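Heads up: the structure comes next, in structure tokens.
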Amino acid sequence: MKKKIHRRYLAEFVARVLMIGSFALVALILGLILWTLIQKGLPSLTWEMVSQTPKGGFYLGKEGGILNAILGSLYMAGGGTLIALIFSLPIAIYLNTYLGSSRWGNYVRLVLDILWGIPSIVYGAFGFIIMLSMGMRASLLGGTITLTLLALPIMTRAMDEVIRRMPTDLSEAALALGSTRLEIALRVTLPQMLPGILTAVLLAFGRVIGDAASVLFTAGYTDNIPTTLFRPVASLPLAVFFQLGTPFPEVQQRAYASALILTILVLILSIGSRLISSRLNKYTIK
Amino acid sequence: MQPHIQVKNLNVHYGRTHVLKDINLEILPQQITVIMGPSGCGKTTLLKTLNRFIELVDGTRVTGQILLDGQDIYSNDVDVTEVRKRIGLLAQRPQPLPMSIAANVAYGMQIHRMKSNRQEVRKSVQHYLEVAGLWEEVSHRLNDPATSLSTGQQQRLCLARGLAIEPEIILGDEPTSALDPISSQHIEKRLLTLKDTYTTIIVTHTLRQAKRLADQVIFMYLGEVIEAGPADAVFNHPKVERTQQYLAGLF
Amino acid sequence: MAAPALFSKPEQGRPQDGRPYKLSISLRNRLNNIAARVFWLITLIPVGLVIAITVALAVRSAPILQSHSLVELFTGTVWKPFGGQFGFLPFIAGTFWVTTIGVILAVPPCLLTAFYLSEYARPITRNIMKPLLDVLAAIPSVVYGVWGMLVIVPFVQKTFMPWMSSHFGFIPLFASNQPTGFSVISGGVILAVMIIPFIIAIIYEILKTVPQDLREASLGLGATRWETITLVIFPKILPGIIAAIVLGASRALGETMAVLMVVGNVPQIPTSIFDAAYPLPALIANNYGEMMSIPLFDAALLLAAFILLLIILTFNVIATLVLQRILGRRGK
Amino acid sequence: SPATPKDANASSESAPTSGVITISGAFALYPLMTRWAEEYAKLYPDIQFDVSAGGAGKGMTDAISGAVDIGMVSREIKPEEEAQGAYWASVTKDAVFPVVNASNPVLSDLLSKGVTQEQLIKIYITAEITTWGQLVGKPEITDEIHVYTRSDAAGAPEMWAKFLGNKLQEDLLGIGVNADPGVLQAVISDPLGIGYNNLGYAYDASTDLPAAGAIVLPIDINANGTADPMELLETKTEAIEAVATNQYPSPPARPLNLVTKGKPTGITQAFILWIIKDGQKYVSEAGYVALTPDILAESLKKIQ
Amino acid sequence: MQPHIQVKNLNVHYGRTHVLKDINLEILPQQITVIMGPSGCGKTTLLKTLNRFIELVDGTRVTGQILLDGQDIYSNDVDVTEVRKRIGLLAQRPQPLPMSIAANVAYGMQIHRMKSNRQEVRKSVQHYLEVAGLWEEVSHRLNDPATSLSTGQQQRLCLARGLAIEPEIILGDEPTSALDPISSQHIEKRLLTLKDTYTTIIVTHTLRQAKRLADQVIFMYLGEVIEAGPADAVFNHPKVERTQQYLAGLF
């Protein structure tokens, strides 16, 4: 009964070493990137950075902050993610609860995978063309819609892959009580799959809050705090992009600080929502 | 008496396997019908056919008719949800829903909007948990997840949940298989009292239970109904040799 | 006993034989049906979007298709748009190389890490790791790109490439023709790092849907955890794993900024992992500014997007077919 | 309430003093533009600015398509663009300088001899010179030249190509790196690298010297085989001086332009005029090269 | 006789719930020990503690000792896999592995490399399916997915699969609950023949089955062992009032 050297245990051991190894590798890379951000960004991360808008000389290394970009990103990414959620949840539910493994479902999945693979810059350009043809200029509205489109495929597909694997016993148990599919979706599938759905939402949120190319075209940039839907709006990734592009080392440092702010925002959101979900999570069936 | 359910020339195939063969049955209202037969003979399949669960399994083919009060439940314009509400199935493997113990029982009442306020729902939850003989064990932990119950407790929970939607017809697939004799008897008693309101179909492997409960008995073997009729007749004067053997095989 | 009709009729809402009042089933069903219809309509959004994008790209890339033959566009290797030469082959090859390397590098650690997190790790490790993965998915591409330039490119140039080419230089795949570190491999590494959080997160969630009973069934027979993973869990969720990898690869195909910052952007067909390459998204991103101001160039760039779309489509269709193959074989 | 101009020299009196001006385009002009915008908004508090970067081409596209009021373009305007209605005025000047790594194996030779336009063409266009030894005439040195160029379409590479025998960006050889800081970074971390950068990147604003780790390669403009003092641009001040006085060739020096769709009117016109006149005093403060009076006058004439 | 398993001062908590209280037991080798008790009293928990399955449930706390041939199975240097191979658990809810019927039975043999070639594996699969009384029903469809079996068939499959790894100790959690009497008896007979080779612990709710099988009996109630001893003594002369009541409550 004592641990013996045996081929099987060797395999287990090797596998475990490999797993811990790759976990360590992933964690290391993660750490390395975060460390780069912290090391380069922390020194210039001041309260001024998050509480003020850029003053005229901000990009020349003078005073100011990126409050405009923080708010802009939160508005656009938050709005985009929420709107995308409104659409992707029904799609994911429809694909699984209503359709099962039908052909149409697979077409929709294929379509979503394609959308997911299209570079965001194409979304940006596409949105730009459409906005031009409608006489619109770069604006909060345009940016939010584009980010919605960007978030939709990953959110839907990630949810879909998780919901797809819900045990059939569970939906049968609910069906036997005379539930309609809608009721199963809302009262059984959602609570049971909540962690997976949350992960999907967070992945999509991360994707859109970090994307620069699409908002460059459709949301533009400004040093002002957004006030209406129809004016250009700043965003964090563009702030990073612009600051990195300046010749001044102190401004480039601020780029890292901006990226760090974005990271912290996402971290807070992720931890917060996961905490809430683990509360609700107590009833899931393992 | 008008039969509540009529099964006519029912055949069920899973892919190439022919599982139910030419079943013809009449289930009488306000009686307990017990289905018996060796493991794998098609009892669960028959029950699943009665509430249209069978169509959830890929690759099944159902032919023949099942008439509920004279209406074919497989006809196109029938509303499946309605069928399943009226014909409640207690599955062989108890499967709690991902919610608390109380919410499991309340679920059906809520979706069917059977109660007008929380107070009533709470009262009903208690009532049906008592009917299933689970109330005492869980009254102090109604908000625990239903998965934290033991298998037997889960089975009783599913029973409570199934009765709570007040179906017309109860299909019980070995509803006491995981229970100790005392709990079983508690439930049997309930089924007997409820008999006048419901039409009940029970699958069981326990001959004693069958004898205690049955008004009508159906014997199945290899996908066929080999004998069916009033309990008394079937148990005491089985006509078919197989049934005799089966009954004799028990002790 | 006059039983209520099974068919959905409005009278169903009335109280029946003294039983409590219920919301009529037909109303709930109507809700359900309305939901089904609305949901169906919503699924049309992505479909419509793809069609719209395809049509838009096709229309806008039409000018170049009129003046250049498809063969010329797809087999040409010279990219001099102002000289009228539009050879897309280097870009297609670049896309292929970088994505392939990225996915190959990403998949094994992703699988192992997801398995580790779900099957071995203590809850605390999990709870720390998951938000970090969320963060990793959110860091802007430019930051990855800069990080790649500061860390990966020098590492490849000064350490990895000399070592590889001194040991394996005789294999053309590892020859150092362009010893700057801006290379296919750097792009692949960056891509791998960028898609890792997506793949791990999705596989992890899929692993969480595997019923605990199943693990117990295998462990109860004296299987080790690793055997349980490889023999029971892996086959069970294989379709999900493939889907997660396909999603990761699709992301890799479309990633732009980070890759273009480290990949060298030389329109040539790479023959070694240390050669520079020029993937399609990089082509679009590098020149997006010039789009629309010069018509034929505009058409060429949109054709690049169109080609990328076709590549993603082909890739996904192949993946779907492979998946169906696997499922089909298992069905027997 | 209409704001009263605090500046007596305010341009056209009839121009409205409130509204929104949207601007996008070249990274090169972005920092300076935000400065101008701030100063101008101090004079006319009711005028709001939305300034965005994104590259010269983006500025051009946006301006032509009417997506913005002013596009910032750090290159020459092409005939096609003019045909589509692009109207421009030069507001400041920039130049591209070749840079090499500070620990280049033949650094002393390079600094004493400089490189001629001819040699640069052989490196960047025809690939006839591939080693540093070849470049300085010491064949025993076989270190390869690692050529870096810009991957993104922008003013700098266009001007650089134009300087190298009137070529196009697509003719430039080398590893493509994104944006000015990218090329600089690549050269700084590669002892065998050569690249080219705009003024602001080639030199460090705070030290007045070339960016740490990099050396600005003197161009042997008069092709006499040595780097004369005026060709040896050791500080930023010297470089600005050389560009401002047209001693540094043009291209790679070139004016930076503001583009509008058609001749500007209203507040846009007023703002550009202000830039050409009063705005010029912020130019050198931000590290840019002021235009010569004749070009300024020409711009003024175009806008008024 | 040296006890095969000794349980000393065992306490198990699920979170705040104290489920097993001060259990002390000795399980004798080559005997069948039957555990009885009302649903929810902790039988499954006890079995899961014996093969260290309990640690797979989040938030459980186990204190006390379980000695297998004198070695504490919860000590750190013990190999869990080995424990689980030696102590085979037949779960209360049969759970087929996602593979074919034959592969389910072969699974354990293959991972433990118990057979040297395919031929032997195939023979063993047949053998154990016969032991479980399933061979006849499935011999023609060994390559079908195991999930396409009926619940009772799945239960027998899990039995075959569990016996195939030839454990020293068999823990059976109501291993015949879904079976008809004839199949049950078939299995009971097998268990009796196998008794000399294995140490067997069975949970059952059927008093008759218990009487037919038991050498030793353990009565549990609300997480405690209230009576334990040789079958004869416990069934015929129960000392504890609860046991008497329980035994009387049957029928």
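Going by the order they are written in, the chains are A, B, C, D and E; count residues from 1 in each one.
Please note the rule applied: a residue touches a chain if its C-beta (ideal position, glycine included) is under 8 Å from a C-beta of that chain, and two chains touch if they have at least 3 such contacts.
Treat the numbers as computed from the prediction; the structure is a model and nothing was measured.
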item	value
Mutual neighbours - chains that touch subunit B and subunit C alike	A, E
Comparison of C-E and A-D (more C-beta pairs in contact)	A-D
Chain whose mean Cα position lies farthest from subunit E	D
Subunit C-subunit E separation of Cα centroids, rounded to whole Å	46
Between subunit D and subunit E, centroid-to-centroid distance (C-alpha), Å	81
Mean-CA-position distance for subunit E and subunit B (Å)	28
Chain centre separation in whole Å, for subunit D relative to subunit C (CA means)	38
Multi-partner residues of subunit A (each touching 2 or more other chains)	8-9, 12, 178, 180, 183, 241, 244, 285-286
Sequence positions of subunit E contacting 2 or more other chains	81-82, 86, 93, 111-112
Subunit C: positions in contact with at least two other chains	25, 28-29, 32, 150, 211-212, 224, 227, 257, 285, 288, 291
Contact set on subunit A toward subunit B in their complex	168-170, 172-180, 183, 187-188, 191-192, 282-286
Subunit E - residues contacting subunit C, complex	51, 53, 56, 58, 81-82, 84-86, 88-89, 91, 93, 95-99, 107-108, 111-112, 143, 158, 161-162, 165, 167
Subunit B residues touching subunit E - in the complex, by the definition given at the top	14, 17, 36-40, 44-45, 92-93, 137, 141, 148-153, 155-156, 174, 177-185, 205-208, 246, 249-251
Interfacial residue positions of subunit A with respect to subunit D in the complex	54-61, 128, 131-132, 137-138, 216, 220-224, 231-232, 238, 241-242, 244-249, 251-252
Subunit C residues touching subunit D - in the complex, by the definition given at the top	79-83, 145, 149-150, 153-154, 157, 178-182, 257, 260-261, 264-266, 276, 278, 282, 285-295
